[in-house]
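Below, chain A partners chain B and then partners chain C, in two separate complexes.
On to the complex of A and B.
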């Protein structure tokens, strides 16, 4: 097994053991409670609300967990000096970053899949089995998580604390859902200050491309094409972020 | 442990300068940690580094490991540039305070570090029990490192440093904070490693340990190697190395 794989497996195992497992159990419990609550409040649209709320929470939790794991992963290793015993072995620095990143993504994908299974189970019990909607929402959440983790890894290396890295990642995540709107406003405003922001908008990840469920119910939206393009976009955007992170990390001294 | 002795120096530092830089209110402040360090650790020897705090011992080790890069000069390990994977494969490192993931047991930690060193799983599993026995951690092999005392962490640190059978082991304060029994065990282990042909570079404040283990001792003053003392200079006279050290680091001290 090469170093990146060893680190990825170690990260995956430890995150599941120490962080994600309790989160999944908590999520399952909250969802069952929500199912009972909505049964009384939502009437005919209960399955729809359950699906929307459930998968929105899966997405937010996946991206939030990945932002934390990616931002804290490297910074805590530096702060707690556990990094010394890794980088003093024949482990290339890009392999360290890639291993930690891949492990965090894999752990959170496992947790997201388990939480999605909770949603599916609750819907099944309610007599409204979910199909494509659920899988598309999961796939979109995972791709957003991939990008969010890459952004957080990069921002962690230019930040001094986990909190600031997570805050900046949160800002990017929110703005990334409104890229088209921000671009439209910047193009149509008369304000030079706003126009000056336009190049920066192109740097933001466009998360709207990964909202697959919107396209499922949109006639003529070309779901197959957007699935492929979205995945390609997420992989390329993440690769660029990780490439920049690697360049910074190579120069870093400990 | 079976390390092969080589004619090439285990560690070589040539005219190494290391400046630390930090920014404060837009100004870059430079602190010189090493100032033209020339140091050679011969293959198969135990070399001690003595020096006051902040005189460059840890910096020299980090340069040998590639955790830091020299501002100028060169550092090589068995003839290879420091910090590249091929030279790191030859080195074991025990930091002053070895930090481990608190959720890993010694067995799990050694499996993890062994795999990172490129060892096969079967090989790692065969090496772990005798190694844990040797460092006195057999009984705690499956306890979490988060529950360990400083002495136990140091023992685990030593185990991870030699698991992959490196040809050079860098030890930063290997006996600092240990109880007398642990100090004895560490000493026995280091001697055995050296008898197997491993080169050791040991930075320490404990002159008595350096005296017992080292063939040569370098004294760092203000980032320079002020003096190298051979074992024959102190072997027959108790307290001689301490006197040499004090004279070297204290300007105007009486010549021993």
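On to the complex of A and C.
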């Protein structure tokens, strides 16, 4: 556990020192600023548009950055052979994976917090402080990030390149948001082929469960719903993915 | 292989367990029309789990559409009444993306009933929204206002409309209509109060009309 912690802290430092995450924050900040243009067209509902655009940017940038960091973390270490330096020391393979994963999540969470502060500033300047809505949206984005990073780490081990791992993660991301619609369509279709695919849907992460940003004004949503439930789901699903990743990584020969 | 099967089983069991947990969710089926401008962007944002943002962009498109002169295929502009045939389908698409957002429904219903003289379309849209939120005060008040407007009873229509425009989600466009109707009925103080509220609103497109209204009342 100590080794995992050391690796996580080092990964966090390494990612913040590289230009990647600062560029993500900068680009996210620019996109949030561009949201002002859309807000200007929205009339009465400007605060809602600013919040929605801003937090959508935060979520996409955070999860995109996490998918890249998680997918490239292991693969680049294998390619550059720096992995051997770590594994020749008394570092268990699960600790290596967990450390890299936790470091990437922590670094992206730092970037997400910076971008959310940018959204909050824009809303404050516009005289519409977001309050708990902003925090709820950030919470959802971070939970989705946890799952996305775990899926990307798993897919990085079963694929041959960072690009293919990220592409597959993107597909899982989209399907994960469509789970309710896929189940609805499968129940109402007559096609046997479509019905046969339904069990596979149960394997996908249900991102709608973590989509606090999209249900801020629904009856019973917001702070009224159990926030720990989403966290529990994200942690358990990530644990399943990381468990499988660890099993695959143990068997891998370098 | 065994590890993969165990992980698949665990993921399926987890999803099964959480599918029975009651969490507020947007309805899975929306009956989204696949025709018209902006539908691809809306569908793409839906697939990314951004239905609220899709509804926002749809509403901005609707504002731009309703804010520009409507022309027929020969390039002839329509008069104030009639025209903007795509207003109802656009409002329905926004509702399909975010069914609990009442602002675009109130906006489109107000425009259809009071500006474009198509109260039946406005009532159809309001009824669809009320099916999901049967007790919504602003929606109910607007239904009543449109109903009286249809019967030609301006005073009763205005009374109901005043209930709708006092709500937090009332569109400035509806307030502008209510202010103008009050002005026509000689209720100068109420009209002036509404014009002043419009001047303080975020929707700057009605500020000029409100200033003109206040000037008339002075």
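One rule holds for everything that comes next: the second predicted complex is superposed on the first by the 226 of 254 C-alpha atoms of A that agree within 3 Å, B and C clash if a C-alpha of one lies under 4 Å from a C-alpha of the other, contacts with A are read in each partner's own complex, and residues count from 1 in each chain.
Definition applied: a contact is a pair of C-beta atoms (placed from the backbone, for glycine too) under 8 Å apart; a residue touches a chain by one contact, two chains touch by 3 or more.
This one's a predicted model, so the numbers in the text were calculated from it and none came from an experiment.
Q: Where does A:125 make contact in the superposed view: on chain B (first), on chain C (second), on both, or on neither?
A: So A:125 meets neither chain B nor chain C here.
Q: Which of the two partners, first being chain B and second being chain C, lies in contact with A:30: first, second, both, or neither?
A: In the superposition, A:30 touches no partner, neither chain B nor chain C.
Q: Between chain C and chain B, which one touches more residues of chain A when both complexes sit on the common chain A?
A: Touched residues of chain A are more numerous for C.
Q: Based on the superposed arrangement, let me know which partner A:196 touches: chain B (first), chain C (second), both, or neither?
A: In the superposition, A:196 touches no partner, neither chain B nor chain C.
Q: Tell me the contact category for A:184 with respect to chain B and chain C: first, second, both or neither.
A: second
Q: With the two complexes superposed on chain A, say which partner A:229 touches: chain B (first), chain C (second), both, or neither.
A: second
Q: Quick check on my understanding: which residues of chain A belong to both its chain B contact set and its chain C contact set?
A: On chain A, the chain B and chain C contacts do not overlap at all.
Q: Touching chain A in the complex: which residues of chain B?
A: These residues of chain B touch chain A: 62, 65-69, 85-86, 88-89, 91, 93, 95, 97-101, 103, 112-113, 115-118, 160, 164.
Q: Could you pull out which chain A residues touch chain C in their complex?
A: The touching residues are 38, 41-49, 52-53, 56, 60, 173-174, 177-178, 180-181, 183-184, 199, 202-209, 211, 213-221, 225, 229, 233, 236-237, 240-241, 243-244, 247-248.
Q: Taking the complex as given, what residues does chain A use to touch chain B?
A: Touch residues, chain A against chain B: 1, 3, 6-7, 10, 14, 17-18, 80-82, 84-92, 253-254.
Q: Which stretch or stretches of chain C touch chain A in the complex?
A: 3-4, 6-8, 10-12, 14-16, 18-19, 21, 23-26, 28-29, 47-53, 56-57, 59-60, 63-64, 100-101, 103, 171-172, 201-205
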